[in-house]
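Alright, structures below, take your time with them.
The same chain A turns up in both complexes below, where it pairs with chain B and then with chain C.
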Partner chain A sequence: MSTSESNEAQTTISNPEDMSLSYEPLFDATEEDNGPCYLPSYSSEKVEVDSLSSTSEGVSSDGSDALSEEGVLEDRQFSEKEDSEISGDKGNSELQESFDELISGDLHSEEGETAQQRVEGVDRSILIETSSISDKYPETSEIQVESAAENGNAEVHNSYQGHESGRGGVNAIEGLATAIGGNGVLKPDIGQNEDRLKDNCVQGKQHQYEDDNSTAWRKHKKHFFIFSHAGKPIYSRYGDEHKLAGFTATLQAIMSFVNNSGDSIKYIRSGHHQVVFMVKGPIYLVSISSTDEPLRALRRQLDLLHGQLLLILTKSLEKCFLKNAKFDLGSLLGGTQNVFSSLIHSFSWNFASFLCSYTCLRLPHTARQAVGAALQDIADKDILFALVLSDSKVTNIVGADKASLHPTDIFLLSNFVSSSESLRTTESFLPVCLPKYNAMAFLYAYIYYLDKDTCLILITKNADAFFHLKDCKSKVESFLTESHVLHDISNSVARGGLRIDDLPGGDVLYGSLPVSRVMGDAKESHSISSIKQRTGVGGAAGLWHFIYRSAYLNQYIASEFLSPLETPQAQKRLFRAYQSLYVSIHGAPTGPHQMKYRRDENFVLLAWSTADFEFLAAFDPLAEKSSAITVCNRICQWVRDLENELFFLGANPFNW
Partner chain B sequence: MATAGTSNMQAKLVLLGDMGAGKSSLVLRFVKGQFQEFQESTIGAAFFSQTVAVNDVTVKFEIWDTAGQERYHSLAPMYYRGAAAAIIVFDITNNDSFVRAKKWVQELQRQGNENLVMALAGNKLDLASKRKVESEEAQSYAEENGLFYLETSAKSAQNVNELFYEIAKKLPKAQPIQSSGGMVLNDSPMERTAKSSCCA
Partner chain C sequence: MSELDTSVQLCIFDTSRGQSDGQELDKILFFYPSESPFSAQLSLIGLGEGIITFTKMFSPNAPCDIIDTEKRSHVFFQPEPDIWMILVIEKRKESGELGRTRALQAILMEAHGLFTLFYGSIRALLLNSPSGDVARSCLQAFLPDYISDVMTVKRLSMLSSHSGLQERGTIQMMALDRSTALEVQSVVDLLQSWFGSGRIHHTLLLFQDLLVSTTLPPEDAAHLYTYARMRLIPAAISTSSGGHSLKKVLSRANSSSVHLKASASDITAAGQRPSPADSSNHHSQFFTPRPLQHDKWWRDNDGFLVTDAWGVDAQGMSAITPTVWLQQSSQERMKLVAYQHKQLTVVMLISVMHLAPNADGSHVLRNQVLEKASNKLNALEDRLSKEWGGINANHVPGYRYLYVDYDSRVSKASPAGKIATLTKDSLLSLDKVRSEIDIAKGRCDGSGEAQPYELETCVRTRSNAWVVVRIRGNHELYLVLERASETLLLTAEATEKFSRRHCDGIFASD
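Up next is the complex of A and B:
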């Protein structure tokens, strides 16, 4: 990664939409993620003993290390400023992707700091960071704690900052405790406790030499844990929950230690590992990963995991814990391993997991209307929602008056249905909870597969409505069969979504005959020599893939994965790159960035956000910026032309 | 008996029992003649219908195959309410499932439906070598509680059809007027089940 191109330049381009576009210098991802560099700080603990060579003992030197890193960063920023304009980006309070927002003019480091402080004031978050600098790889450990108290957290943070620069010789735990408590008083015994607990935790997530039996377990790149506030395991992505009781108890102890001070721990970073904590009432969720995903994305994943839990059990599960704090929730989740593992798997392939939108089956408009008519026909007081999902994509949804299905509910429901093989056998009737609709109550879902791809889901509040819904199913089924719409749907499933090589109007061909390139875009002729060596993969201008999200409809469309993205690895890499790009354009304190252009050794990525739509595209790493933009405009036009086919237009707008 | 003169009747049948006892496998063997070694857990309840002819009466079973998981336990009344017959399934190689089966029997008896035909099915007879629940024990329990007991194997199909035929034969005697109605829509509020559903 360190060798990735750092191609930075700021340009303003007038394209038809009059958007300004900028090159974003992509720090190599390692650096970007591991070197958040704004706050010098104490070594909060020896999270990463090997890398924190100089920090644990001599904290004064640690302080200066951190300071010097800041110095380095400033240098870096200024050097970049020669090429591009930079301003502070909130992100996850990390400076990592702060090189956009070009409109806002030059960055001075003080401005950056101010922005930083403002952001943290808003977030009420405290950030403790430890860094030791080796020249190329700053290895950092970082802990984020969010104060639960309403007041004075920004001050806490500030005082901590001042504190820190003033004092050098405090040990790691003192630093943490100080920050959490907002004052300098320290209880040493607690500190030690914390220390020990942290160490345990860290040993658990880094595969160290001990415990041969679990080596494989430790090597997994992404762990998810759900456990109760008493530390009882509820779900673990890998391994036997019961055997992990000690591990979850340790996580719980860390969290409750911080909780005791009225705060909640959000985040620990140690080298490549990120530990994200989330508290949902009596349910604690933790992810431990080394996938370098942005914090916001990881938090969203934990949110979804919690949503899935609610979908199965409703929020009233919390009452069980009120009655009995040691309640074993795991026993209520029998048979749902698949649901969770499929959900977690979807975090690395399903764009809905970070786009907060749903996608529709590409289907001729008339066929979609026919499905809608069939569903409308059966809609009555007993049916709250009726939806047809094909290949886990929405074909049509009909909701009762004013009721609309939140995209997250669609996502969770679709995951639940598609991962429960037994539903394919016959008609089923089961309780589900749609957490965004009403997290407290069960609804009842009638689920029936009309054919191997297409699933009819009818949702009711009435537990006795089964036979009524069964009749409705018969009506829908006979209508769709007789009108051959079901046939159209399965054809559509087989045909798949948009293919980039179908993009009409190939005036900017990439990697094909040089002639057409010259004709298509004379501006680029200077670079033809470098580009025409490439073999002809991808679509126009080296386009590999795109996602178009309609903000109003809350729906997105993604193109099919074509060459050179056939391999799961390539798709996953692209997925992660999109995710990080998407999170970064939405992470700015000033609102979403309008455009972002990012180049690394794998892709050229382009993000474009307007009030109406968001657009993400991936190009060959050698693609030309200007032709890429031309192609993006054409794609947007293409998508709009096909709107009827790609999107479900009759949906109630979402009011959340 | 509304169906006595005619040749058709409908009967609601519910399967109850611990998870992994083989309820779905029994139903799939009976309805579709299929068996899968690794049957996925049922979610909620699955509905099947199958018709059997007994003497000159055709019985159309409307079968509710319920999920054995604990979280669905409190929903069971939704499925067994108004049932004409119930099959309580346990796994003969698993003593806990037999204990669970007895609890289901008690629960159904508490409902006070005297006409309910109850069958106790000791499933996984193909694994008889690993048997943990003796036939005699189950048989005597069944007799004491007015059930009939049959040992079945969904895998080998042994006694599966017999189980349903036996129920069908007992039905007309036990089943008064309602059977042609097929189902009873019950007015009891759903809140009750919903509220307790995850705190079983």
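Up next is the complex of A and C:
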């Protein structure tokens, strides 16, 4: 314990200085990911949870959506006979019934139950809709029961909570409801040194009222669509899914036209635009973008989007389509808009999205070990994985024997957790699926924020493990709090990642630096003279930014965006350039290129790929080749010397 | 059912035609292979049109470039408003991804460029003959020859990946020293100084397959140069029959198509001609020249090149002089007369407008050339062949390179034999790098040309070769260095050295 205490002392001393350096203007809500700026649209669902009357409103709006979709269906002649047989009145009355039921239920329910009802209500409205579509398909309702049961599981645990901790339980239910139901709350300003690019995400549905006829909609730089093989929209990044039914039907028609000739379409390029098609069983995914990202990067993004869908619903959703081609998946996803929009946003700031790796919180080795010990301590047969994420970065992971967590699963899980604002306020127990671990089955995730940035996730196969996991949480929490490791972690989060100006500069011998000093107080450990020697803006030799990826650890480390990469535009440009560079060295038909140097008007980029590691760096466009190479070599050596702190070494290597 | 080879399909269609139901076939102007069932033709056009409409939603100014499917690549090119060409290439299992889209589009561009050189624009043909028969027969007469030409060079699907150090549609110049250049200029001036019925408007001089001099603007020069390389240079003309057989061939042509009456001029002004009811028997109605037909150019005894690809005149006594349309300079129709002495080929263009009606000015010109210029031309040939450094003249030891100046459409490259020594890995890597750059360049084209594009890229491939690209404005340099021990710095230095010595220092980094 003494080591971690001394570490803590050091970090607290260094903090003020560090902070003064690292603090940047925070969260800039007006900057939006792509396209023109609009005010964030708040979804109505947040309001629903708050009051009784609005709950029924919320449900009724769900219901009317279902109805209007029926109409669309008929208009588009998608439906076969069964569809046309259904009279609108019938559906209407059934819906009305369910509303009545809901409202009457609400009358004598607690606030917590309201939320519960709402979840149920959404489900029921799906039930009504699908059963009205086809009386001929009794299986459909069976499926609904399945999915309702899944939700039911969650509800059961919520009610446990309710019994146990009163108000807290209510919060938990609210949390779950909003986690599943999503909300329009903007991410609060978190007092930490974060890339602003990351914060640019406007949560909730953007441009809700656009459709394929509006010019504004067509001008968005990057569209994502998920729809069923029958052409029924499931998700669209922009615009209202229901209004886009005609558009997704067009996409589906293109795909099936090519399919008819025994072929399948992969992509279309027209000028700046790329349309990328992906088929995943009965789920079709399409992106339309004018961002000039390489094809392989776009494919990876569609893969991730599909993975996110599986994380929420598992692959067994495909069975629903086998049973009923016109199955409406959109309603099962009700309110998960945030998860998808934050995922798509991460495609333009999170290096993990193209590096197929995860990044770790920079933490003194002892602190990381302490977290590991705490997690190891609670590991038992019920816990499949235990991980601590801080600010979307991994602090430590412990897995049951032989089980390993794929970086993609970490990425998707982290996105799912961080994009659900309500999970921050309370403990939650949710069904999730880790697509790379087992795409077919649900696991259960116990999620609890130890502090405002740091989140404990316990994953179990056992649907009844809530109380057990709650105990585990308490153990971990008390251990981490008492040992001040939690404090170390929050300091690390506040300090942010690696900074270019932390790096040993000029003639300082990196090897001779005591590790703890480099970690603890970067400023002090490097002489002022070495700082003065720097050429250009940024780090040595005009270095602006770098990423180091360890191939066998499947982890990467990226430096913070510093001057002159202050603007989100500059950061995004660099992000895209890195992405192209990375894809380009890996896209060679005969294996990855070993090295790539690229200079254009924006920067000099260097990529270096070896069996052990990959290194990407950005320099000032006027940087000298020779000094840039020297700096790169130095950083690589330095990173390897600091592996203990920068990376999490205990993880099992992944086979993929 | 015989198995139809559909590994390569080429289709040209006009989206402004056949708007009403049941008229869809009217859209099709050309389809290769022509034996394809109509259903397959319509299916391809349907797909093409559908995608074009679809992509216009998002990218109204640049509709569809390529559709890539599991088995095929569909490369699109829109040469004229509403007119589309689609090249469909079946992917071979081993090669997987197809090479550069641009390289394949360049084939379509070249095909269209040559077509307009001989027939004028497709739209003009359609305006003259609204039924489309003339346009169809012209395309039918031209494209199959072109396709077979392109295909014999290499398998089309492999073309792009092996042409990383070649640039279609550009001209390779012969390097001349100053006094030779002056002599060339004086010969050209002499040829163009003659007035009278056979005034020469433009000339194009080639030594072997290298351009020595031309008075044409870059685009027309590139088209005519391409044609000359394909059919007129000593290596390309028919050797089997020789000059003596012309009479024989002419008489044979005469007897086989007795009612050949129309000449090329009738084709290009075919509006007045009654169009045949069925386009399939148009050959019997009027003659459509086949400029790319193989073995149709001979060297006559007097050194002039003759062909019967444009048919023979009414008397059946002499071949009709080919005509070409210049697009860039004057939209004018010119008679093409070519003279050859050993390795030197002189292409002369005479304005049709300056000729008396029905008078073929070419023999007047022939006499003039023979009397006044042949000595000079022969002397020039001598001098050029002395100056010529052999087929490896452009070889720079240690480098495999391509340098393109898109302003003047001139390129310079390592000799093909030397490029062939590169490993497949290097070529594929180069191809990959080039296709990335194509896309990046496309981005710059769109966003206004406020500042010239500048780029420097060095890639070290898996097999330790270096692929270097330098781009500054419209000048591009591609280098492949297969010296394994090189570092990035040494490679950059080698590039710098090459640029200084062989590219006038255009890419100097200071």
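The rule is short, and it goes like this: the second predicted complex is superposed on the first by the 412 of 656 C-alpha atoms of A that agree within 3 Å, B and C clash if a C-alpha of one lies under 4 Å from a C-alpha of the other, contacts with A are read in each partner's own complex, and residues count from 1 in each chain.
Here is the rule we use: a residue touches a chain if its C-beta (ideal position, glycine included) is under 8 Å from a C-beta of that chain, and two chains touch if they have at least 3 such contacts.
Quick caveat, the model's predicted, so the values are computed rather than measured.
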{"item": "Chain A residues touched - chain C or chain B, whichever exceeds", "value": "C"}
{"item": "Touching partner for A:K319 - first (chain B), second (chain C), both, neither", "value": "first"}
{"item": "Chain B versus chain C as contact partner of A:G334, first or second or both or neither", "value": "first"}
{"item": "First (chain B), second (chain C), both or neither touched by A:R218", "value": "second"}
{"item": "Touched partner set for A:S422, first chain B, second chain C, both or neither", "value": "first"}
{"item": "Residues of chain A at both interfaces, chain B in one complex, chain C in the other", "value": "none"}
{"item": "Parts of chain B lying in touch with chain A, wherever the complex brings them together", "value": "19, 24, 28, 39-48, 67-72, 75, 78, 182-183, 185-186, 190, 193-195, 197-200"}
{"item": "Of all residues in chain A, those that touch chain B in their complex", "value": "312-314, 316-317, 319-320, 323, 331-335, 338, 420-423, 425-431, 441-442, 445, 461-464, 466-467, 470"}
{"item": "Contact set on chain A toward chain C in their complex", "value": "212, 218, 250, 254, 257-258, 261-273, 275, 288, 290, 292, 294, 580, 584-585, 587-601, 625-626, 629"}
{"item": "Footprint of chain A on chain C - complex, ascending", "value": "43, 46-47, 50-51, 54-55, 57-59, 61-72, 96-97, 101, 424-425, 428-429, 432-433, 436, 439-440, 442-443, 446, 451, 454-464, 488-489, 492"}
